[in-house]
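Each in structure tokens, the structures are laid out below.
Next come two complexes built around chain A: one with chain B, the other with chain C.
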Partner chain A sequence: MILAQQLLLGVLIGGLYGLAAAGLSLVFGVMRVLDVAHGELIMLGGYGTFWLVTLLGVDPFLALGLVIPGALALGVALYWGLFAFVVRADEATRVKNSLLIGFGLALALHALAVRLWTADERSVPTPYGGAVFTVAGLSIPAVRLLSLVLAFALILSLQLLLTRWRWGKAIRATAEDWQAALLTGIDVRRAYLLAFALGTALAGAAGTLVTIGYAVSPSIGLEWTLKALIVVVLAGLGSMPGTFVGGLVLGVAEAASAAAFGGPYREVVGLVIFVVVLVVRPRGLFGR
Partner chain B sequence: MRRRWAAVSAVALGALALLPLATPREDILNFVFLVLLGITLAESWNIVAGYAGQVNLGHAAFFGLGALLTRRLWTTGTPIVAAMLAGAVLATGFAVVIGVAAFRLRGAYFAIGTLALGEILRTTVSNVLPEISTLPAASIAAYRLTDRYYAALVLAAVTVAAVAALASSRLGLGMRAIREDEEAAAASGVGALRLKLAALALSTGLAGLAGGLFAYYHISYYASHPFGPQWTFDALLMTYIGGVGTLHGPLLGAVLYVVLKEYLAVRWVDLHLLIFGALFVAIVLLLPGGLVQAAARVRRLLRRRR
Partner chain C sequence: MAGRPVATPLLALHGVEAAHGDVRAVSDVSLSVAAGEMVALLGPNGAGKSTLLACAAGLLRPRAGTIRFDGEDIAGVSAHRIVDLGLALVPEGRRLFGGMTVDENLELGAFAPRARAGAAAALERVFALFPVLAERRRQPVGTLSGGQQQMVAVGRALMTNPRLLMLDEPSLGIAPRLVTAIFEAVVAINRAGVGILLVEQNVHAALSLAHRGYVLENGRIVGEGSGAGLLGDPHVRRAYLGPLAVRE
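After this line comes the complex of A and B, so read on.
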């Protein structure tokens, strides 16, 4: 019973892993840019929520409606300010330079967050914070269940955008083969911009849900970047629902290993899977 | 040119060696110690990243392993030099085992793979050894800062000398060939894996010694602290800002980094990371050769004026 409860909590956080990974996967898949500041963007989304709730008294879940456009704008700014310079290079240089730039950005954002919000852990109160459903003897925190549903809804809407919307198709074509996309008259630069902005928006949304269900502090960035990378490696690129499932798998694997080896080791299992998968299929997993 | 650099190095080394005799102020010695530790970390990281062209984001793992074993052996009675050497051997041994697998990864995949590796070690160590490691009272009573200072000076000098020797050797040439184009280097008979392993072994051995120095210097710290990613990030920032793949760049970067960090830390905690993060991004985008390249450009401009 305890195991089942732990696995259930693993599924609930796994949805957020999937959401965190979806943005990274989109940016990497389309731009071949590895933004290791993705976790810091999640962290910023979390603090945006924290401010909206504590300063303006917005309902935490409704804060999503403000955090997502804010993150979109931030994504546009970051693209024009930084990553637009990176995508000019050839693919190997692009990946390496984006890694370094993301790294510098991560450091700067972390230091900025410590300045603005101090190093303390913050969480937001929700009016229905304590509500718990009990199903077949398992308790399900309402807030986390709603987060899971919202994470799934967001990933589904992204998938719809990518398959139905004109520019969504352009983004996918660019991911497939940017030179061919260019030849068919697609504005590849704009596809890059859109992909990066959407990726940042997803990070912001993930940050909101993380802050509601768990907590935010300036140092969560690296942890979430790693989680997102692990899921991207597990799920591969291309399918957003696949990424969501990859997130659930990681959440369950963490819960299972925490049950088997003790709580503190939950972080280790994902990283070990990650390293092993990377080494066994050095290039294949990020590719299709 | 070479002779001039040798003379400058000898004078700098001599001045640093005499410093503890000239001033009894501990804050100055501690400060120079941090610069010397920074130089060792940055130069050792530079071997793999700058010469062999592989961005290793798990450098802290080797620093941490060196610190862990050195502390264990030293506090149980082993002489410090032997303990530090044992720490270096452990770090190198681990690096060679890991390296065979990790070097199957190319470019950014190597970077994130090693980052994950460092985090695995850090988490595991903080679970297994959650306590603070404090020196026994007898060692604290016998603690002399000048011993640590000279150990740091020797280690930094050895590291810089090792990188200088590497830079002008056939081995170093092979490493740079791999950095520029691994396929082409392999096709012209450079054993890429062997050379990358050699670079990693030298780099991690020095990082292990630096970890040992940290264990010798600090009176008390969490056993997982030297495994923290910030040690890797520090080395990376110092190296890139100074000039990656050059001998003088990491030296320059380490001095600038520690000066700014210590100066700013007095008033604003962590502000140096904001500045260095931004500076680092600017350097990657605009000036990939770092300060060394900037200095060379300025020199060329001045010469043209004349």
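After this line comes the complex of A and C, so read on.
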């Protein structure tokens, strides 16, 4: 029963891994740019939520409605300020340059967060924070369950955008073959901008849910970048629902290894998955 | 058209020089295609034919020279704008969006503003030209045969509503029966008033269909003339038609 409870908690955090990875996957898949500051964008989303809740008294989940547009705007600014220069280079150079820019951005955002919010861990109180459902002897924290549902809903919305919206299709076409996309009249720079802004918005939303269910501190960025990267490798590029499932798999695998080998090994399993997938199935579980 | 000489070419390359990295691919190339004309561009592998098409389509910026489309200098203009002006390219190897359906590939062809307005009519024209595609609209293009994929590639370019269509080796790696279908489609497109610039390994077919042709070797134009004239040219016969001419 204890094991089942731990696996359940693994599923609940796994949904957030999936959401964190979706943005990174979108940006990497479309722009061939590895944004290692993705975790710091999640962290900023978390602090945005913290401010909205503590300063303005907004309900934490309703804060999503403000964090997502704010993150979209931040994504546009970061694209024009930094990443628009990266995508001008050829694809091999892009990844290297994006790593340099990403690390620089991550350091800057980390320092900014310490300055604005101190290095202390912060969490947001929710009026219904303590509510717990009990199903078949398992306790399900209401807040984390709602977070999982919202994470899934966001992934589904992204999937709908990418398959139904005109520019969503353009983003997918650009991910498949950017030169062919140009030849059909798609402004691929705009597709890059939209993909980066959407990726940043997803990071912001993930930050909100992380802060509601767990906590935020200036140093969570690297950890979340790593989790997202592991899920992207595990799930492969090109399928958003696949990325969500990849997140759940990582969450459960972490819980299982913590149960089997003890808490300190929780972080190891992700790195093992990372290496094994790259060796055995480099395109990932759901990748093309 | 009033006031404009009929002889004004729709597409005109003048003194074009282009390179991939440090390797010079073409130098001092001048060629033109008039509105509604079909022109073949011939030459051995590596002569620079695809490089020239890439320059005209805006995928590669020429080092020197001018490229004019309908009088406007388009050298260095972004590829998606050139498509919107009415100059489309069916690239070598088709370059379809493999994870998407026939419908989605065709729909993306009409992405540019000018094409979007006439998308429905353009789709009907594509299905009239390639009826088999109408039966496979929801099928992922990755599951089609090579010939059918080429039809989607030509169809996708037609969806951009081009005034001039450039085709790079449309018969490459396709079953002979479907090669005929592709060539017939190209002729039909041309008859409908769309200019054609055709790069083709099948020299005999290309010169039989085209009004004029150019021969490109080592990055330079070494011959030009009418289709029939080039078919009779001793150098062209020796270099490109030798084995074929005997066989036919």
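Going forward, the second predicted complex is superposed on the first by the 279 of 288 C-alpha atoms of A that agree within 3 Å, B and C clash if a C-alpha of one lies under 4 Å from a C-alpha of the other, contacts with A are read in each partner's own complex, and residues count from 1 in each chain.
Assume a contact is a pair of C-beta atoms (placed from the backbone, for glycine too) under 8 Å apart; a residue touches a chain by one contact, two chains touch by 3 or more.
Fair warning: this is a prediction, and the values are worked out from it, not measured in the lab.
**Q** In the superposed model built on chain A, check whether chain B and chain C fit or clash.
**A** They fit: once the shared chain is superposed, the two partners occupy separate space.
**Q** Applying the document's definition of touch, where does A:L55 land relative to chain B and chain C: first, second, both, or neither?
**A** neither
**Q** Please indicate which partner A:Y265 is in contact with in the superposed arrangement: first for chain B, second for chain C, both, or neither.
**A** First partner only, chain B.
**Q** With both complexes superposed on chain A, which partner does A:V114 reach: first (chain B), second (chain C), both or neither?
**A** First partner only, chain B.
**Q** Could you look at A:N97 and tell me whether it touches chain B, chain C, both or neither (first, second, both, neither)?
**A** First partner only.
**Q** Scan A:L183 for contacts with chain B and chain C and give back first, second, both or neither.
**A** Touch partner of A:L183: chain C, not chain B.
**Q** Let me test your reading of the model: by the given contact rule, A:A136 touches which partner, first (chain B), second (chain C), both or neither?
**A** In the superposition, A:A136 contacts neither chain B nor chain C.
**Q** Please work out whether A:L226 is in contact with chain B alone, chain C alone, both, or neither, and reply first, second, both or neither.
**A** After superposing on A, A:L226 lies in contact with chain B but is clear of chain C.
**Q** What is the contact status of A:I2 with respect to chain B (first) and chain C (second): first, second, both, or neither?
**A** A:I2: touches no partner chain.
**Q** More residues of chain A in touch with chain C or with chain B?
**A** The partner making contact with more of chain A's residues is B.
**Q** Nearest CA pair across chain B and chain C in the overlay: distance in Å?
**A** 14
**Q** Can you list the residues of chain A that meet both chain B and chain C?
**A** In chain A, nothing is touched by chain B and also by chain C.
**Q** Of all residues in chain C, which touch chain A in the complex?
**A** Residues 57-59, 78-80, 83-84, 88-89, 91, 95-100, 104, 107-112, 115, 156-157, 159-160 of chain C touch chain A in their complex.
**Q** Along chain A, where are the residues that touch chain B in the complex?
**A** Chain A residues touching chain B: 34, 36, 82, 85-86, 92, 95-101, 103-112, 114-115, 222, 226, 229-230, 262, 264-265, 267-268, 271-272, 274-275, 278-279, 282-283, 286.
**Q** Show me the residue ranges of chain A that touch chain C in the complex, using the header's touch definition.
**A** 166, 169-170, 172-173, 176-177, 179-188, 238, 288
**Q** Spell out the residues on chain B that touch chain A in their complex, using ranges where they run on.
**A** Within the complex, chain B touches chain A at residues 55, 101-102, 104-109, 111-113, 115-117, 119-120, 123-124, 126-127, 229, 233, 236-237, 240, 268-274, 276-281, 284-285.
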